[in-house]
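The structures come next, written out as structure tokens.
In what follows, chain A forms one complex with chain B and a second complex with chain C.
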Partner chain A sequence: MELSGDVLIPAPRAVVWAALNDPDVLKGCIPGCQSIEKESDTAFTAKVKAKIGPVSATFGGRVALSEIDPPNSYVIAGEGQGGVAGFGKGSARVSLTDEDGGTRLTYAGEAQVGGKLAQIGSRLVQGTVTKLAGQFFAAFAKACAKS
Partner chain B sequence: MYSFDYARAKNAKDAAKLLAKKEAKVVAGGMTLLPTMKQRLAKPSLLVDLAASKDLKGIKKAAKALTIGAMTTHAEVAHSSVVKGACAALAALAEGIGDPQVRNRGTIGGSIANNDPAADYPAACLALGATIVTTQRKIPADKFFKGMFETALKRNELVTAIQFPMAEKAAYIKFPNPASRYAIVGVFVAKFKDEVRVAVTGAGPGVFRVPAWEEALAKKWSADAIAAGAVKAADMNSDIHATAEYRAHLCAVMAKRAVAAAK
Partner chain C sequence: MDGSLIGSPVRRKEDQRFLTGRGNYTDDINRPGQAYAYIIRSPHGHAKIKKIDASAAAKTKGVIAVFTGDDMKVGSLPCGWQVKSTDGSPMKEPPHPPIAQGKVRHVGDQVCVVIAETYAIARDAAEKVKIDYQPLPAVVDMRRALESKSLVHDDVPKNLCYDWTIGDAKAVNDAFAKAHKVAKIELINNRLIANAMEPRAAIGDYDRSNGDYTLYTTSQNPHVIRLLMGAFVLQIPESKLRVVAPDVGGGFGSKIYHYAEEAIVTWAAGKLARPVKWTAERSESFMSDAHGRDHITHAKVAMDKDGRFLALMVDTMANMGAYLSTFAPCIPTYLHGTLLAGNYATPAIYTNVKAVFTNTVPVDAYRGAGRPECTYLLERLVDVAAREMKLDRAEIRRRNFIHADDFPYQTPVALKYDSGDYHTLMDKAIRLSGWDDFEKRRAEAKKRGKLRGIGISTYIEACGIAPSAVVGSLGARAGLYECANVRVHPTGSVTVFTGTHSHGQGHETTFAQLVAERLGLTVEQVDVVHGDTAKIPFGMGTYGSRSLAVGGVAIAKALDKIIAKGKKIAAHLLEASESDIEFRNGAFTVAGTDKKKMLGEVSLAAYVPHNYPIDKLEPGLEETAFFDPLNFSYPAGCHVCEVEIDPDTGVTKIVNFTAVDDFGRVLNPMIVDGQVHGGIAQGIGQALLETCVYDDNGQLVTGSLMDYCMPRADDLPSFKTGTHNVPARDNPLGVKGCGEVGAIGSPPAVIGAVIDALSPLGVTHMEMPATPLRVWQAINGTKHRKAAE
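This part shows the complex of A and B:
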């Protein structure tokens, strides 16, 4: 499935870019994120507990950044394994542009879910992804505005 | 299934106490929780069974409201002469949930506490302006449903009953998934003396009202008053069963049929 959207963050572009590359900021914004560790400047490992309705599963995964063009855009790609629950992976191009009142963050990409989660939860996957993306960007905008 | 402990609560208060244990889950009919556990997608440490909590069962009618206990099954609601007399639309809705096995096990409290985005009861609660009675307080339906699988319920808080005000006319029409009978789109319309309420389930990430149709129907109670376009495809779900555009279209069609069927 495809996902895309944009959000206005009330902070200068340099601040937003720094936050996008800061594991601590990302950890605080990813819903259910329990840990995130930097392996190199472009790779992280993360542990995320996803809880949607009756389902709860812990995903361990890796996140990699590529096509880095500071402070304008990068491509973020991640994949995670949730044990018996299944797996998820996705990537998105994130771009920043200056705008009155702050920085416009635009994202476009795609996500896939497989295994048992996809089999049982197919009717819920899109709603879940949209909701999690919304929660992430709301928290991220708040974190940037603070710093 | 992972192993878990099991406790039978004697009443709602007892259940709330048992729920204090970490990772404990309450089970009503178990129509969603048990399949999830069987698939190992949930791992509660303790299941608190409400089946023996008699204080949570039963249907009562007073002058202004119909009260249904949280542990009342869909089949009991569907076949209750009290419900049929007070709100036939509610009995018909219960009769259309799932299959006989689900209707004999599943409960109204479990359905609304789970708040599945395609469940039927949330539409009835929202359109009828029900009050959700819990172990701690009374919550209006407008404040209870918070989007996909989310409610205003706190941890350790249980739904004990649902109070439905009497509508002059009401109906629920859904376009069911032929396999699961979950609503691809379901619309509940309710006409009261001084207002009209319209609630849609299955179409978006959670149950929602349509103010444009409510105003139009309050002026003129007729299927013609439903204008397509009040529900936007951008806000709809899209999956293998129906695209967002098709769901938006179905909302208007189901709403018109519900107004025509209301009595």
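This part shows the complex of A and C:
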């Protein structure tokens, strides 16, 4: 499953970049995020509660950043285990460019689900992921504008 | 047999309890002190298990034990049939552990079992088990599997289980070289999931006082499970293991096999000295019940100038899934390749079957098992042949049928058909369905904006899979006889113990009719007992439409023995010579006199032997018989389907469906009709609605009833059924079997009708299921293509 999109964030690029690397900001913006711990500059562990169709689970997983090119782009990859609900994993390239009124954030990547999620939730995944991404960026734009 | 019970539509005795909620299914059984098992299944199609940490789960209040593959090191789930490749080598038979050992091979593979005081505790605790997987590339598509570097089993190169052939390749090639015309087809027989109404369940029980194990399970063949699990997996002798398969809510093949969960609960019951119960959720059924079909086939037929078949060549890839299910290897070979003559006198046939491992649920028999796949390819190919030859589809069949006076008929692919009359069957179906004036209905539908089409298929089935010596030589690891015990009680009522198993077929009625008729009793006086190894001497169970054709004959043989012994007793009581005693309508009479003793009087004398030939005869009136069939039985038939398609939506509606079948002698026409109806419904399901889909990672995408579409009443018309019954020559009762034919004959008739409806648009091919999307695409794809030309 592929996902891509872009959003205009009303903040300078340096601010947006800093927020993208700040676990506290991310925690506040990721829907259902219960915890996010920084293990190193490029690795986090996270706990996210999510509901996709009839499957609801808490996903524990790791997030890793690579191909870091501050303050322009990085690749964010994550995978989460939802216990008997299955697993989800994905990665996306996130790029920032200056634009009138702020910074344009563009993301493109792919996601995959397995187990019960794929079995009974698969056709709801795309819609759910799109919705969650929308919620995330709305909150993220707000957080960046504040700082 | 001259009474009225045979051939009479006696109401099903068992329906009283089923319809009033008094059935006794496995999940209805609860044993004292019972614990509950939850099975953690692989979310990956293919992965290494790096680590399992069950410590948190094991500490949870109410959890009794957590077992992984390291704990349960037992025998492999065995395969009951060994097929040999053309080069003589045995099929690849990799181990199938009940709980995965270091590697998972399909979504749903068992990884860990949590046993707790309640099911809810077990399920919640399962959330705490941490399993670290290292995903591996999944092998899903059979065509790619044969070339993939990723191996489902490390020691099975190319993921190839076997490469099997039957027939005379040279004769076939010679015939193609001189053919007037050749018709070809390439098609997929879609993977199906049985979805029996009752999900599988199993309870293991262990008696500490004597070391006896009992397994209650949703099985079509409890004795086979006892043999397979006892001898191969858990090493428990038959004398210490009882297997009970109580009421079972539908099987359709999916409950033939020995499943991991049966071994897990039995083994765990022994370990914990407590009963352990497991009941599948519907989601688990989707990813752990054996699936059906899943073939990719190329076929071609060579014809002379009159459209007579000279030779047939078929290449098939058959999906085995990740492990060999109990009878998987024989389905695409001995239940498929050997049926390729169909109803036709094709002189030369050659087929190659490659069985392939993939990271999917194991595939095994599903209603029809190999024969629907065979009939589908053959009948679709015959339709193509008719088009190539510009012949009517019925006419090309008529020209190629085996003639009624050519039986017994030896096919070029091993089977010898004992009886049949295919011309009359088809003529009757053509009359009943209005085949000849169909064009009027097509024209009328066209005025309403609908595309109407008609399809025809004929089929032959080989059922009552037969002689043990023959199937043994073909690789079967079991005999295929049946056993019956008839117990005449002191006061003359009768209990019949049969080794077959009823899970919807109505044996309690049909077998009671057979016995009541022979012994001059009422159906109510005869009880039929099945499904318990502690009660029934032995049995091979129910599948392949064998219950009456094999199990019924075993009962008849036991009745012969009862009557023979009864005559001896009656001769003594009547002070006559045994040779003068006749038995009819429940009475032993001295020929030519009015002296008689009723069966009840004779049985009372047998159990209260005060006046009894005790020096020559043992007391009691109970006999056991085994019957090993002489041949398969060969039901046949002709199905005609008529559809209307809405070109705007692509929705196909079945408006008429006619089935005319030859079942040999029929004991209960109402039950036979019910079997035909159910089979056709499943065949229509395959043709229009059902398909099992995996994504490239081995994820089961159609894993619930939201995405896997089962037929419902409003998808089906009222069926027109008829028979032209020719008694089976090689069956002592003259019966043939009817359980699977509906699912065998109907899919090609439905798809033939869809293609016929779309043929004015130039459509010549359609894969199953013909969903509205596919049909709409076929309609519009053609339109676009035509516009572009």
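Keep in mind that, in the parts below, the second predicted complex is superposed on the first by the 143 of 147 C-alpha atoms of A that agree within 3 Å, B and C clash if a C-alpha of one lies under 4 Å from a C-alpha of the other, contacts with A are read in each partner's own complex, and residues count from 1 in each chain.
Methods note: a contact is a pair of C-beta atoms (placed from the backbone, for glycine too) under 8 Å apart; a residue touches a chain by one contact, two chains touch by 3 or more.
Nothing here was measured: the structure is a model prediction, and the numbers come from that model.
By the touch criterion stated above, A:T128 is placed in contact with chain B alone, chain C being left untouched. Of the two partner chains placed around the shared chain by superposition, chain B is the only one that A:I52 touches, whereas chain C remains out of contact. Once the two structures are overlaid, the count of chain A residues touched is higher for B than for its counterpart among chain B and chain C. In the superposition on chain A, contact of A:G115 is made with chain C only, not with chain B.
Look at A:F87: by the touch rule set out above, it reaches chain C but stays clear of chain B. Residue overlap on chain A between the chain B contacts of one complex and the chain C contacts of the other covers 84, 116-117, 120, 122-123. Residues 52-57, 84-85, 116-117, 120, 122-128, 130-131 of chain A are the ones that touch chain B when the two sit in their complex.
Those residues of chain C lying in contact with chain A across their complex are 40-45, 107, 123, 126-131, 283, 286-287, 695, 697, 699-701, 703-704, 706-707. Chain A meets chain C in the complex at residues 81, 83-84, 86-87, 112-120, 122-123. Those residues of chain B whose C-beta lies close enough to touch chain A in the complex are 32-33, 35-36, 39-43, 114-118, 147-149, 182, 205, 237-241.
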